[in-house]
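In what comes next, chain A is part of two complexes: it sits with chain B in the first one and with chain C in the second one.
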Partner chain A sequence: MAQATHKKPSAAKTNSIALARTAAQSHFRTLRLGTPFQPRLDALARTQDWYNWAGYRAPHSLWDEELEYFAIRSQAGLFDISPMTKYRIEGPDAEAFLDRVTLRDVTKLKPGRVHYTAWCDDEGFVLDDGTLFRLSSTHLRLCSQERHLPWLLDSAIGFEVTIEEETEAVAGLALQGPTSFAVLRDAGFAGVDKLKVFDLAEFPHDGGTVTISRTGFTGDLGYELFVPAEKALSLWDRLMTAGELRGIRAIGYTALNRARLEAGLIVANADFTTAEHAIRADRLRMPDEIGLGFMIDLAKGHFNGRRAIVEARAKRKLRYVLVGLEIEGNIPAEHAIVYHKKHQEVGLVSAAIWSPMAKRNIAIASLARPYGDTMVEDLWVEIYAMRELQYQKLMKRAKVVARPFIKLDRRTANPPADF
Partner chain B sequence: MTSFDAIIIGGGHNGLVAAATLAKAGRKVLVLEAAAEVGGAARTEDFAPGFRVSSIAHVLNRLHTDVIKTLELEKHGLQLARSDFMPSVALSTDGPPLVLHGAYGEVLTGSTPSEQAAWKELRAQLLRYAGVLKPFLSRRPPDLGGMSLKETAALGQTALALKKLGKEDMRDFLRVLLMNVADLLDEQLADTRLKGLLAFDATLGSHLGPRSPTSLLGLYYRLAGETGGAAGAQMLPKGGMGAVIAAIRAAAEKAGVTIRTATPVARIIVEKGRAVGVTLDSGEVLRAKAIVSAINPATTILDLVGPREVDTGFVRKVKNIRMKGDAAKLHLALDRPPQFTGVDAADHKGRLVVAPSPDHVERAFNPSKYGEFSPEPVMEITLPSLAGPSLAPAGACVLSAVVQYAPYALKEGWGTGKPKFLKAIMAQLETYAPGIGKSVLHAELLTPADIEANYRMPGGHWHHGELQADQMLMSRPVSGWSGYETPVEGLFLAGAGSHPGGGVSGAPGLNAAKRIIAMKG
Partner chain C sequence: MKAWDAIIIGGGHNGLVNACYLQRAGLDVLVVEKNDWVGGAATSRELTPGFLYSNCSYVCSLFRPEIMRDLELPRFGLQVISYEGGAVFTRDGNYLANYRDHDAHRREFARFSKRDAEAYDRYSRDVTRQCRFIQPLLMRTAPDPTSFRPRDIGELLYLGKKFAGLSAEEMALTLRFWTMSISEFLDEYFETDVIKANFALSGIIGTALGPMSPGTAYVLLHHYMGEVDGSVGAWGYARGGMGAVTKALAASFKASGGAIRTGAEVDHVLVSKGKAKGVVLAGGEEVYGKLVVSNADVKRTFLKLVEEKELPDIFLRRVKNFKIRGSSGKVNIALDSLPEFPALPKDSPVYRGDMHFTDSMERMERAYDDWKAGRWSADPFLDMVIPTTLDPTMASPGKHFMSCFVQYAPPKVSGHDWTDADRDGFAESVVAQISEYSPGFRDRIVHMEVRTPREIEAEVGLTEGNIFQGELTFDQLLFNRPVPGYAQYRSPVGGLYMCGSSTHPGGGVMGAPGRNAAAEILRDLAKSTSHMSPAHDVI
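After this line comes the complex of A and B, so read on.
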């Protein structure tokens, strides 16, 4: 009898494991996951032009990539950033932990503020870049391109901190463009006008809260909104309704990518290869080699990669530099090789467009030092322009210029302008 | 306040060797020892009224020649006489034992002439091959990142040594290098007693059985050691291992080293990525140019420095150092000397090994993989009071034995497991020395858990890290940091956790000190 009672729960347990296993078996049938906003995106997706963003189905475009770009610059573009990897970092040592992991001084990041940062391995090579949201003194959110849970957990040894991935639990939207503030105000987020660039605050939404920060990836006036996944659709609808007369448009990545390039912002694994993804030894990059040297704070306490970074600087071991280029003509130089004196290969363009805002042919390129660093004269790019099934090779002069390529006063204006 | 050039954390033999070497080079050196006495696991201590024993390390077989020369240990009382070389006796329940005499079996008795011939050949081969590896022990491991000309030349010499073996031997060296010891013994020997003894020696102190891949390396490591100029020779130091410590301590003090015992270090102070001093348990702060830790590498980095001061990847590596001890130490106070069956009086002063066959050693190892101790343990027994009467009252006797396998993380816990394990050990002893149980006045069994607690050795591992292929040379204590430096500038590691590893050799301490001197640290 005693045996029989013992058996029952174990049989039930076996059964539940089997059920869970069966339920998980067809995971492969969903090749790309939908985000919490998928029903709305699917309804708007006329181009059916999808790509894979960290395992999620994300739109390259929804209706017209040109007009989606102009929605960012003259109306308000709404972009689903839910696939972005998000970590909830909480505990009394959360600040100290992040100060050790990331490059910038987290003790200077006050609650209610956001900063753009990056983090390195022991050799000082960049693992990723991302944004760090300080929700309270002991609760922060780290957003990144790649996944880092094992690294973060191992980094937490010796700290009183918990780290949890919340990519699925938290949905995100970027609302970017001149009318974005007006949309939020009209949607009833009272006090959103108080947010300065890199500020964040919580606002009531649908019986819960939404975190709104004045941040973005476009160089324009804009906001990012984070909300529990179950409140995602109501947030979308709230914004779309409020924004109807302000020209709000859902957009895909192609439009955003143009805007970010104009803003001079880089993308991990597009403009540089992250350390854990690089297979070839010469693809690894230190912060100083991808324009992130400004983040390094040697005045603060120890942080990952510090020793290697200090040594590389002292021994002049930095081998590359990331620069903005202005290229003559109007043909985008995407993935063009950069030459010195038209014959010596010195680097590669990682992103390029004709910029409608700057009215310039712009690019981001990685060059082997000293080119782009101390030697900036006589640089050329070789553009292969396809002309009716024939490449026309164009050797165009390239000039190293400062980033961002455009600077919009409305991005930082206080209070934000009402368009 | 007196200021020091170097603070050595840990007054074990490596710490003392490093201290003495640095002091001889003109540094002002302070040694901080947590326990009441220096010597670490090489102390000789009381364990019963009137009975003393070498606590953990009891056989001297690899104290490095360079250490003896550099510290002039013979002037300071160290005695290494050829007449003290102890035989290794493979105990047997059926018939007389097999004995390796002199320096690791220069003469083999108790076996057939054909086996003696086979052993002579195998011994010569083992020593030749161990000889190729030997120079590595007295040097900093090759720095793969940026090798200096000197290092490249030294590596070239090893290549030359390999070449000198001749084509056939070189091929064979490379073939057997990572083999398991049991297979090699089966190729060349027939006598299971001899094979059992060698299988035991190869796996002594590691979490390996004779059939585990790479177990042969343990035998090479053993034979790369020498005593009195004879490779593989071993002896019981007169007065116990503590006498060796006394000689090293005397050399250190003569060189001007200051030693503070009962002074545990609480923290290593790191400022701007540099180790600048230590905070003691008492709160006292001491500063120095170089901080040399001759204690466990994981304790040093994770507890004293703390993970916050080093990079995540380094913490990962340090946490992954395997250091769960699998050997226990038995001390018996006997009212009279025991009589091991068939062993003559002279051989009782030797190393008495219970390891009847490689199969027996392997079977003893098997349960340890699953968190259980060996029901029929294998062991190395010595009777140190026979040669050093000061260790026991007149007429009485001390038995000191290393017993395997005793996994650190015993599944049932050592609280209840220890008495059971002691019973299993005593049953084995009774088989080889009938009546020994009745002569026991006091028994002390140190499990890895006890060794951890008493000697501050995490995992109770004497080597401060398994001494296996993946934790040797450039990978000891962790890959990328095998050259005694650490990512914390001014902090050096000088204990057995560093290359070349454990055993009373003094080599890690000496190598580390040489490195610090070379760096003008």
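After this line comes the complex of A and C, so read on.
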């Protein structure tokens, strides 16, 4: 090979490249990465009950899932959301690009605002749902459960926009519960009281800034905080110190999952299968089939999946509906089959709990239309409750009810209450 | 003189699977094998003291679990150890690894391209969808579209219904998938050359086609349909080498009362009045059987073992034109210590997996260019494994057996037969390539077995050394494999059946052709097939 024509890099430079490469290769030794908050989580993890969240070691619980849940509802729960996939979308066409990719009208999303949205493939099937943060007129952040870089990059052809995956670079925390506002105020985030639901603003922190939004996944008063990974620990400490007298507690996913179900919120690949992961063609779902029809804005211009969605609506090709169920009794109906008149199978419960806040047995279920849509009478769920190695089979009446299952005034109160 | 109920020509894995099922149905079965050992291309032999060689096939995944269960192979000693991933070494001293863990796999790809790392899920979804379509067909006899028998119509309907069950988009993808090149297919998902080269290798293995040749996408699918003990898509080493598969089959066969004669080469099939009556061995001995099943490939069976006058013209012409082209060889190496690859961290699981050195699509295609010109590839494509990193039974502690599958190797070198000097030149291209990535490699070599298409054909009997007994391109699959009208394991000669990889669903150590052929034979004999498990459901 003709190598003489190439200028040889200096030995020092070659060495530093080799070192960087070796460092990048070593990931195979740690299959579950820690998040930027891991030292603090590890110190608090008395249960050592971890699960795999998108390749990160995330806690199911830290000390007691029951009490962690009540921290959300009566104090403030601190949950590490760093593993959430984050994309930095920037450029003069960022708004137009996202308007084209996602269901909602992004031109209505003003700088300093957040909205919950979803996006579809060309067949109108939901690729994922997520939150879109408008940090400035030309800079947005898209947060989601799954990864979508090829989809976003391919969709960006023709737009003046850059898309960068920033999951590892940006650490995130959700601070949720009635005292969350007071904790932030006491931590010195002056002006945080001005944030209304779905507002965001930047606040000084540790020589840099933290983005705080009044958003969350609990249906409660709450905030989400995003900070560069290297400022993560100082942010954690700042919140924990300020929150000491307000009952702040680090929590795991089990507690959060209960709260989100009470709030009637769905989880991708738990309550529906995302289009890029669905192997079986009949598992694909359109937004109208998973309760996200409200996002679709046909008044705006073209967006991915629009044609298919319009056609499905016009030709009544929508086959499923996602509903909230209230089930008699107090035994959770997780993954129970839903019946019409006790014998005809019409759907499946994807998440269920007995709700401590609503004092009701609640569930989210996907039903085959017209059941759950126009036919809502005489629905039943069959619960197989395993008790000491025996199934107690229960056939319980289910009623279609509106979501959220709980509505807390404190979530939206302005200014937020000082609990 | 005794007439066996069935004589199986060739003790390869399909011949033995077929023999097992027939014997278990109550037939009196004899397997005749020309070598002094059974196994065909799935053997383990001690070619130098202290080292067990898997000298043809070397990894296991495709073997159907239903057959393992029916024939009680675990009881007869078969154990498959799955391995973790592998790697492609790049010429700049780096490597791209495949890990079993989904997130580790993504992070590894992200070292080269964040985009491609996140494209893997969509790729994997689409390939899985195609596999789910094909997999149930593996264990069924392909329908004959020209026949109007209710059974064939039923099978055609089954195929049609499966196809109709696909969405319009999937149907289009399926048709494209069956016909397009692996290179074009990968272009739809990935942009990084080394990542494409990493996936493309499954599209060309054993095939006299390059990654840019149409039809290679399907070959990839064929390699994705395996599993190790329910772990779908996994590959593993048979403990004791690939001979462990056929050893277990032979033991199962004998335990049910079957007989095997090794060192018994068949000269030709005895045919009288258009019907097979037995075989004549090389020494002239006649062995009689009520039916004869050939595990040899379709060319060897009908161009060497059966007299041409017994066969219809069109059949004969189609057999002659069936593509069984020599395209690969093997270099098997005994090593006195584990080779080092400085690019790899010392504790990398890649040492225990499959390793490759072809880091671009162009290099892969260029290797194929050499084949077209009648030369072995100057810069060959290697699929290299060191099974002794997981299997302690093949060499003593610290010593290692290395298997290198090498592509491409032409059936003839520049128009003439392979010579010993050619063979040595071929081996040198392999050792030189490995040495580029593993300093001191040559000094570790204790013994080496080099197998060009010439050696493979001579020993195993595979025409031109083709590992699949015929290429897996769409024109040679399903009801066209090996010959239209004869895709149901029967032949123009009464009582003469085929059970090798030349038949549906094709090559690899899968066992399905042997099993499906047994089902057809038992159907002709009006015997029960209740001892044969149906294919596992794909739900």
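The rule is short, and it goes like this: the second predicted complex is superposed on the first by the 394 of 419 C-alpha atoms of A that agree within 3 Å, B and C clash if a C-alpha of one lies under 4 Å from a C-alpha of the other, contacts with A are read in each partner's own complex, and residues count from 1 in each chain.
The rule we apply is simple: a contact is a pair of C-beta atoms (placed from the backbone, for glycine too) under 8 Å apart; a residue touches a chain by one contact, two chains touch by 3 or more.
Keep in mind that this is a model prediction, so the values were computed, not measured.
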Touching partner for A:54 - first (chain B), second (chain C), both, neither: second
Contacts of A:387 with chain B and chain C, given as first, second, both or neither: neither
Contacts of A:302 with chain B and chain C, given as first, second, both or neither: first
Partner contacting more residues of chain A (chain B vs chain C): C
Chain B versus chain C as contact partner of A:25, first or second or both or neither: second
First (chain B), second (chain C), both or neither touched by A:343: neither
Overlapping contact positions on chain A, where the chain C interface meets the chain B interface: none
Residue ranges of chain A touching chain C (in the complex, touch as defined): 18, 21-22, 24-29, 31-32, 52, 54-55, 123, 146-150, 153, 165, 276-279, 281
Residues of chain A touching chain B in the complex: 96, 100-101, 121-122, 151, 154-155, 157-159, 301-302, 304-307, 310
Chain B residues touching chain A - in the complex, by the definition given at the top: 270, 273, 302, 306-316, 319, 487, 489
Residues of chain C that touch chain A when the two form their complex: 93-95, 97, 99, 101-104, 106-108, 111, 114-119, 121-122, 125, 128-129, 132, 165-167, 169-170, 189, 345, 347-349
